[in-house]
Structures are given as C-alpha cells and as structure tokens.
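Quick notes on the structure that follows.
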C-alpha cells in the first residue's frame, strides 16, 4: 500500500481503526518500518474515503489508497496478512480478534478488551465481555516488565497509555519492595489526543487552552489495569487511587506516583536503572531531574525518574510517554516486532522531536 | 496616577515590585477599584521607565506615568500613602516592610517573607530572616479561613498561590476531621506566569509548549506554609508531600490533594459548602464536577471540589485559582479591603474570563 | 437576574443567543455594567438549562437562572426590556429584530443580518434576506468612525470582528487619501473563539495547536462589509482581497493591511492619531511598534498601528481586537450605551488582561 | 559518535552551532541517516557540556558525547570529515566556511552569510561581509527550484525558512508569468523556534501564548533574499513587501503571498503541479484546500497551494514548512545528500507528525 518502503518481500499487516489518532499513528510508523507493510487500513465511518483526505500528512506514503471497511478487515486470514493491529473503540475488538487469531493472524489489541478479568468489564468499561475464554490467552504487552511472554503470543493486549507510564515508573519500586503498596496515589496529566479525534466540547480548543482539569476521579477504566500490573510486580495487592487530568497539550502523558517509602533516593534510583538496563525504550533520568513527555514526542521512549520527600518518607515516581507512540501505536509495533521475530526497535524512533 | 478612577478623595496606595507579573496585576485591578488609587508604582530595574513601556496594556489607566524606584518607595510614610502592596522578590520585603509599618503604612506582603517561623527561612528560602521579631506581628491573609484577624492587621502575609488553592480545597476537610493528616499528597499544576516575567530557559515558549514537568520535588518553599496552614485547621500535625508541575498555560493553579478518608462524598461536599457559606470568592462545584482554573481566569474566585475513591477510602480535594489574582494580587487587595474597612469585594472581579 | 449589580432602577436588557461565545461575553460584561441589567438571557438548544451549567464561570452573577427560549425572547416588548442584543446565527436576527423594534425595543444585532445591501446576502451569506426594507434603517455601529449616527438609532448593525480591526487600522488612511484603494490585501489572523462554541474538527485542540491556516480565501462574508466601510471612508471604491487565518489562540484578531502609498511613516501615523484623538477605545501604538491582540484581551480596546516599506512604497496598517469584546459583545454594549444615553465607556474594561 | 546508526563505513559530517535549535535538529535527523555520521558536534557557550545535558531527547543517539568547541571544529579538514553544516549566528560562518572548503570539506551554511550580494550585508544584516570573494562561489540550495547546481557545489547557502516557504509557493507562478511582480505582499507567520533557543522577553511563554504580532515590518533580512530568488525565477525585478508575524506555536512557517493576476485558479494550480512533478518534498494541495505547517511537522515537506480572488484579480499563494526541517536542518541535509551523491531523500522524513 505504501509508496514508501513497500516491497514484495515486506510482511503484510492490517490496521483496524486506522482513522483514529492511534490507528493513524500506526500508519505513520509502519510506513517507515523496514519489514512491515500496511496491506489493509480499515476504518468505520471513513471506510471508502482516501486515507489522505482524513490525514493529508500521510499522503507521501499512502497516495490515493482508501480506508477499507472494518467488516472487510475482520474477515482477513493468514493468507492476507500476518498480523493485525486493532485500534477500535472498546468492546469492538473482543468481537473481531478471536476470529482473526483463529484464522492464523497475530493480533495486537490497542483497546482495553483483553486487559482485565471478565468480571471487571461491566463496572469499568460498561459492557459484558463477549469472549471471556480469550482473556486467559491474551498476553499483556508491556515488554520492559513482562517481555518474555510476548514473543510467542498470538494475541497481545497492548497496555493503556496511563498504565504504561505509571507501571514503568513505580512498578520496579514495588517489585523491589521499596514502595508501600497500601496507598498509592497516581496523578496523571494527559494531552488532548488521548481523548481521540472525535469533536466534543471537552476537546474544543476554546475549552482546553488555559485549562487543567481532573476527570473520572476514582472511576477511570485504567485503574484496575494499573492495580493488576502493579500487583503482579509487587506480589501483593496494590491499592491505587488514580486521577487523570486533561492539560493543554496535544500529545504526552505524565504519571506522578506517590507512595510511602523508607528508602533513600539512591536506592530508588538504582532500582530503576537496574530494571531497565539494556532496555532501548526506557530512559531513567538522573537523580534530581524529572521526566517530561515533551522530550519523547513522536518517539517510543518512556522517561522515568524518581524523587523522594525524605522529611515525610514519601517517594515520587514519574513516568512520561507520548501517549500515541509508547502509549499506543509504537508499543503495539514493539509488540509486533517481538511476536514476529523482528528486532525490537525496528521502525521505532528513539529520538523525541524537540522542541 | 490613574487617568481612570482616580480622584482627590481616593485612598492612596503604593505598589512595590510593580513591574513583575503580580505587581502589574495589582496595578490592573487597582485601576478599577472604587476607593483606592495607585499613588506610587515602584520597580527595581525598570525604575524610571514609563509603566506603559513595560505593560502597554496598562496605558489607558497609567498614561505616561513612570515607575518609581524601590528605594524611594521604601521611604514612604502615612502622609504619602495609606497602604503598600509589596511584590518584591523573597528576602526584600522583610527589609522594607517594618519601616513602612512603623511610619504608619499598612502593608500586605506578597512574597514569602512573613509566612513562616524564622527558623524555616534558611532551609526553604535560602536566607536568614532579617526581621524575625516581625514574624509574630504578621497576620496570614487567607480571609476565608482566618478572616477575623485581617481587619485589624498592620502587616499581612499574603499566602502563596499553591497554599491558597490547596488550603481552600482540603483545609475544611481536615478541620472537620474527615481527612487523615498522616499522609497528604498534593499534586499541583501551574501556568508559567507563576515563574515570573524574567526570561529563562524554563519559561521559553519552545520549552514549555507541549511540556508538563514536576519541579522542586519535596523541596518547594510552599511546603512548610501548606503544612502550617493545614496544621492550624486540623489542630494536629499534617504531613504533606507537595509536588508542583509546570504546564503549558499562562495563568492558573490547580491543586489536587489526596488523603485517606472514611467519609462519604456527600459528607465531604457538605463540609466544603458549610465552610464557604456566604464567602463571595469561593465557589464549591457540585458533586461529580471538578474545578478548573480556566473558569476563574482574571477573577478573584477559587473553585473547590471534592471526589472520593470509595473503593480505596481516598478523598481527592481540588482547588483552582488564577495564580495572579486569588493567588497573588487579587487576594492582596481583598486583604487590603478588609484592613482598610472597604467592602471585601471592592474592585475584585468574580466572573472569570471564559473562554 | 444578576445577583451582582442588579437593582430595581437598572435598565433592563435582553440577550438573544446568550449561550454562544459572544452572547455569554455580553452576559459577563453586562453583569458589571453600572446601569444595565440582563432581564432575559435566551438560547436555542440550551433553553431551559441553567446558565451556570453551560458557563460555570457566570455562576456568581447569574446564580441558578435559566436560559429562556428564543421564541419567548422574540416576543418581548418595551414594557419588558429597553433593549436587546441579538447574537444568533446569521439569518435569524433579520426575522426577529424588526418585531422587537416595532414594539419599542432598541436592538443591536451582532450577526451580519443588517450590514449589507439586500442583494449581497445570497452570495456571501447563502440566504435571501427576509426583511430588506429594514436594511436602510439599520445604523452601522462602528462608533469611532461613524459615531454620530448611533445615538438616535433604533436598530444597530454591530460590525464583524474582522471589519472592526481592519477598518479601524486602514480606514483613516484611506479617508486621508494616503492609501491606494485599488489593491488592498488584508491578511487576518483569528483565535478559535471566532468559530463559535460548537464542536467541530476545525476547532479540535488536536487540530489547532501548532497549526496556522487560511480559510475562505476570497470568499469570507466579511469581505463586502470591509469594502463597504472602507469605501464610505475613502469616498471611492476600495478593492479588498481578504484572507482570514485560524491560529492557535482562543481570543484575538489581528488584521494586517497592505496598500501602496507615497506617504511617509510620520504622516501615516499622524493620520491615525488625529482620527482617534479622544476616542477611549482606540490606542494608536507608537511608530516602530505594532499592535498585539494579547494586550487587549478581555477589554474593549482596539490597538492600531502603521508601518511603511519605504523601499517599495507600501504601507502596513495593523489592527488588533479581542474578537469577543471590541469585535462583538463589547462593541455591542458600547453601541447600547450610545443609543440609551449612557456614558460610552460604561461597563467596558479598557485594561487588557496581560499576560 | 552516535550509538544508533553509526558504523565504520559511515561518511563523517560535522555540525557547527549544534546547540541551537537548527543545529540540534540536524543532530536528530543525522542520527537516523543511513550514510552520514556526526563526527563532531560543535557549540559556542555549550562547548564541553554533554550534548544530552542540553538536549536530553538526544541521549539515545549521542550518549555522553560532549559538544566540541567551534574553534576546534573550524580547523577540521577533509581527513576528519567530508562535510560540515554550519548553523552559527549570522556573520560567523563567513569567517569559517572558506577555510573548511579550502581544506576539502564541503559546506552547507544555514546562516545568511552566503545568500546575498556583498553590498546588501551592512543594510540587512548589520555587518560588512568578510569574505565577499566567496559569495560568487556559493550555490543557493533550494533544490526544487535550482537543483541542478547543488550537486557539484563545494559551498551551499541554505535558504532561510521564510524564503523557502514563500519561493516554493509563488516562485513557479512568477516564473510562468501568472503573477504581477510589481507589488507582491508576503505575510508570513512563524512559530517561536525561529527565534532560537536563547531566552528573551519575546519568546517568554507568558508573552507569546495568546499573542500574534508583526515584527521587523519592511526590514526583515529575508526580504532581499526573497526578492533575489523570485527575481531569478521571474526574469524581472519583483517588488516584495514582507511582514513576518510571531504566533503561539513552536514549529512551522506559513507564507501567504498576494499578487495581482489575470489567471484562473486551474491555471495557477497547474503551474504548481507542473513545477513540482516528481519532487518528493513538495506537496501541492488540491484546489480549494490550503497548506498548514502542522501537517508537515518534523518532516522535510513543503506544502504549497493557491487560491484566487477572481472578483479582484488577486492570487493568494501559500507555502508551509517546518522551519527547523525544510526551513533549516532538513533542507541542509537534502543539499548534503545532493552534494555527496546520496539519494536526495536519504534520512529525511516525508510524513509529518500529526496531530
């Protein structure tokens, strides 16, 4: 499909939900991937429209190719594509992914459909899961923390943007027993692209410029995902209060995590550097510095850092990602690389666009 | 001095440090005050320059008046002005305010010079206090929580922007025994104007747009001020971990406060509404909604709200102010109104500029 | 209706279309007006909803008052209100205003319905005018240039934001014969609030941040209005090519006007200062400086300035307004003041909120 | 020097002025270049500091490498590096480039030092040119319009950001005789990064957010460069009035060009598409649409488009670039590719980061 980078030997991939921000970011990144080629880019309402009419910036790679329909893409098999990235609204991929996998297509799901136990869906996502038997088969695709399992997976649940930033920041500290799991407050800040491309009052420029506001206090669907991931690492229940905020930025998520600690700064920092030794997509900032999502814009890097309020015995672990890359499409391609035996970093920028 | 609103019967006021953002905001607000008139606007480096050359937006009120020097203004007495607002850098007002008060001038200090016990200054502000005997005479000017003392005060310590937002949000909950004081995490977000008018890498547009970053983790000078205020209200020590963040906005501070609670949402909300009954400058948002500093831009209002994570027994109390108004110049004028017997709301906007 | 500033002796005013950005700005400004009171705030879709639910920032002034319906407000008469501001979509006020005027209500129309000759509406606004006989009775309300006629008017056509900025900048230069009317290029830049409160892809934060783009090139409906106004001043046909651009800002319009000239800078500047001598809402910036809408944010002031490219004999006249104030609601109240015999500046801020 | 992409067979390149925004963008792009490697990154004040301390985002590629000094880099010869990009302040490269070229190093100069005839420097740049004999040897590196000459060049003058956007937009129309050269108004809008990394009041976030302002009206140093380029294409003198504006964005330049025309839209559009047939870095937007620099962020693409005000016989040609890429470092690498026989597009992104 791409005019750039496409070749007969390229491995074919489908993107479902390609007209949303995450899907389009997958199109952008895959266009520069040395081994993959987007064979099908499927969309809901935009099916039939030229990709370039929705994303003129993709013109050089996608020319006049049009979005396929999701129905069409849902019927693909191994003879069509090796793998599919699904970036559809929550509740849709759990209806589509099983069939694709059964027909031999490796799937990475960017929605929340395969991240939680079945019984959590009604409360947090508002729907009854339609394929609960598949939940056990899905591998949670946060390679830096649970990488070993991704390589052989047929179905990967790509983590949410907030869980990625939060877990990479405080996960190793809980794992090392340096953070008290009984009360973890996670205060996250997100750019507007996390809310998607659909116009609404909440993402109106006039509403958002100059604004910073909490939303879904104590009820955001990423809360149980964060608790699950951190619990796995801590080997114990972790009690998380999670409050996301919308800030006047397009890209970027910063998660600031608070927990009691009796550790010193150097020990906390050491736990992070040890955890991420040799990991190309995590950068531990030096003690005394703090992460900033601006510095990882358009890259697949997560910056993590830690500070400590020694007076009060509280640690402050901070993670920063580009929510559309390491928080969505980039991490999905990282998972795809691992699933299909490509180098983990193939096609994934490590230098943020700055300023 | 003003061409607008000035009159022979106006009560004369001086502003020291009038070329900084807070001082200039005082000039803007005082120009519309029904009873006060700016008789002297003093500045450091800008002394001698026309006010309008630094702030063209002030031209209609200040014409071609020039900044006086701080030295000049420091020598004023009761025959010159009734009161002075001091918006100089930390450490300067403690050298100037005592003399002014001794010469009969009522003083509101917008710096941190009269907010803490003497022994705290070296650690948090980096200087030895030069007038420790005055610390006991200064009244902390947060009228909604400690209003009674302001009226008779000769010297008022105007609260910091972060303490204002945080204390108005969680203060009444601690006072009512609804929040556990043993571990309070306060995650604050501030627009860039809080960093002042002086150019630096940190406030460069290219550095700040698209960025969100923590700074002074566990070491910000507002920390002991917040603990002091909350401790007074709680009647017990309150352990605060405070982390401010810089966000891509000009004005606005949002403070998100986390603490353990066993109270229900309605009780928390009730404690706030009871505390602010009849207070013109605090708006408690309805349960289920959250404050946003955008909505109070250029007004002296603080929005407060509270949510609860009932699963985990954690409350989330949130306060939002315009850091230059309720967080600085507006609150200073509110204090001045109370000190000089004017209506508390005189000259202070209650409607935010929105959008 | 207001809790603030309302009194039995206040003169009653209605605002139709009060839930849009311009209408809500009228509510904000009228709440602080010394003589007027908003008796009716009418809206379309929001009719019946509390004003504060749509604009929480207006709560202190409007409490729990609800929007009336436009139908209701269209039936008002002189015994209900003295005057009405109509900020409805183009094409609606021409159906409503005549009835109001006939029932003795003075009307200021913020839409484009009474600004052009009848024959221009199909082309520029896409509708056939339904009350062409009223076009001759409407007075164009740009008081600094055509002030004399406003005082006695029953129906005032409030100028568009772009025509206000452009005409105040280059109008006096054309009137003085210093600008060649045969080819005037007007390049305007507008914040997003000019596009209204309704969500759309064009005003999505993700679309607008980092973007600057021309729209309606050569076809914007303000083009004939600008030509008409400038033609009246020049006493000759003025050929205008007008291109507006959307920039990443909320408020503010800047109009940069290019025309051939043989005049020197001092003569051009003198023509502006002479034109605006004694006008409280126009500030001519000194030679060598240029206007900036940021400096007039939330005020009713228009900054104008002029430069010259002497090498090429081209003048560059620039005007800057807050599109919601001097470009809409503020100028409407200025007109109302003149129509009802109040001081021209009553209730209208002259100091911009800066920074 | 890079940990990423470096190899023994890579062709060595130096970047002088690597700590500025343009130089750092060159470091970012060169880190991903398939054939080039940054052997020396030299800076002025930052010499000796780790690159990553100034640009943490470059850490993954540059590790703990430090900036060399400019003096050191000025002494390089062909045995050290094949080529040098010079992104130093105006006036410095003309002292350094000749020596480098004489020692066999191919040079691309991103400053204005080799773009104009010697006699223009005092007026527009404020200095007397110190190497006027080299001006005739330098090739103007705008490959889409004057590509043939770049390949063999030893010294290339990389165009300014404004001339790039403006010339690519209106150049072909002047060349085709479709635009009247006697009065061309060019109204440009630029993000703040064009003003460089050095803090100043002009680039303070508080000054720039919500602001749009013209600067250097009729006196910007890119004016003669634009006239020279357009004159070459038109084969006649072109009279340009150029006014740049600063807008609240980080990256991006949009140039809106006005000129009289008697051509129809389709002819104008055809002239553009014909001019850029087969050019990988210019995208002509469809008739009825307009360029937007947001869509080319972080890419080397220039979007161009044209509209026409048929009523008035005026064309509106518009060009959009990322000022740090196609307007600086990207175009420099494009020139380097051509000079050194690499594929023109090597290492240069064609897909903008959007949103």
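In this document, chain identifiers A, B, C and D correspond to the written order of the chains, with residue numbering beginning at 1 in each.
The rule we apply is simple: a residue touches a chain if its C-beta (ideal position, glycine included) is under 8 Å from a C-beta of that chain, and two chains touch if they have at least 3 such contacts.
No experiment lies behind these values; they were computed from the predicted model shown.
Could you figure out which pair among A-B, B-D or A-D mirrors the B-C interface, over half of its contact pairs being identical by residue number?
Looking at which residue pairs coincide with B-C, the repeat is A-D.
How would you label the chain A and chain D contact, same or different, if same means the shared numbers make up over half of all numbers there?
Same; most numbers are used by both chain A and chain D.
Measuring from the mean C-alpha position of chain A to the mean C-alpha position of chain C, what distance in angstrom results?
Going by mean C-alpha positions, chain A sits 46 Å from chain C.
Using mean CA coordinates as chain centres, what's the gap between chain A and chain D in Å?
The mean C-alpha positions of chain A and chain D differ by 35 Å.
Between chain C and chain D, what is the separation of their C-alpha centroids in Å?
From the centre of chain C to the centre of chain D is 39 Å.
Do you know which chain D residues sit against two or more other chains?
21, 193, 197, 206-207, 209-210, 248-251, 297, 355, in rising order.
Which of the residues in chain C come into contact with chain A in the complex?
Chain C residues touching chain A: 21, 192-193, 197, 199-201, 203-210, 248-250.
How about chain B: which of its residues touch chain C in the complex?
Residues 4, 21, 24, 28, 31-32, 55-61, 193, 197, 250-251, 280, 283, 285, 289, 295-299, 301, 303, 349-355 of chain B touch chain C in their complex.
Can you tell me which positions in chain B touch chain A when the two form their complex?
Residues of chain B touching chain A: 183, 185, 187, 189, 191, 206-207, 209-215, 217-218, 239-243, 245, 247-252, 254, 256, 258, 260, 290-294, 297, 307-312, 314, 316, 318, 355.
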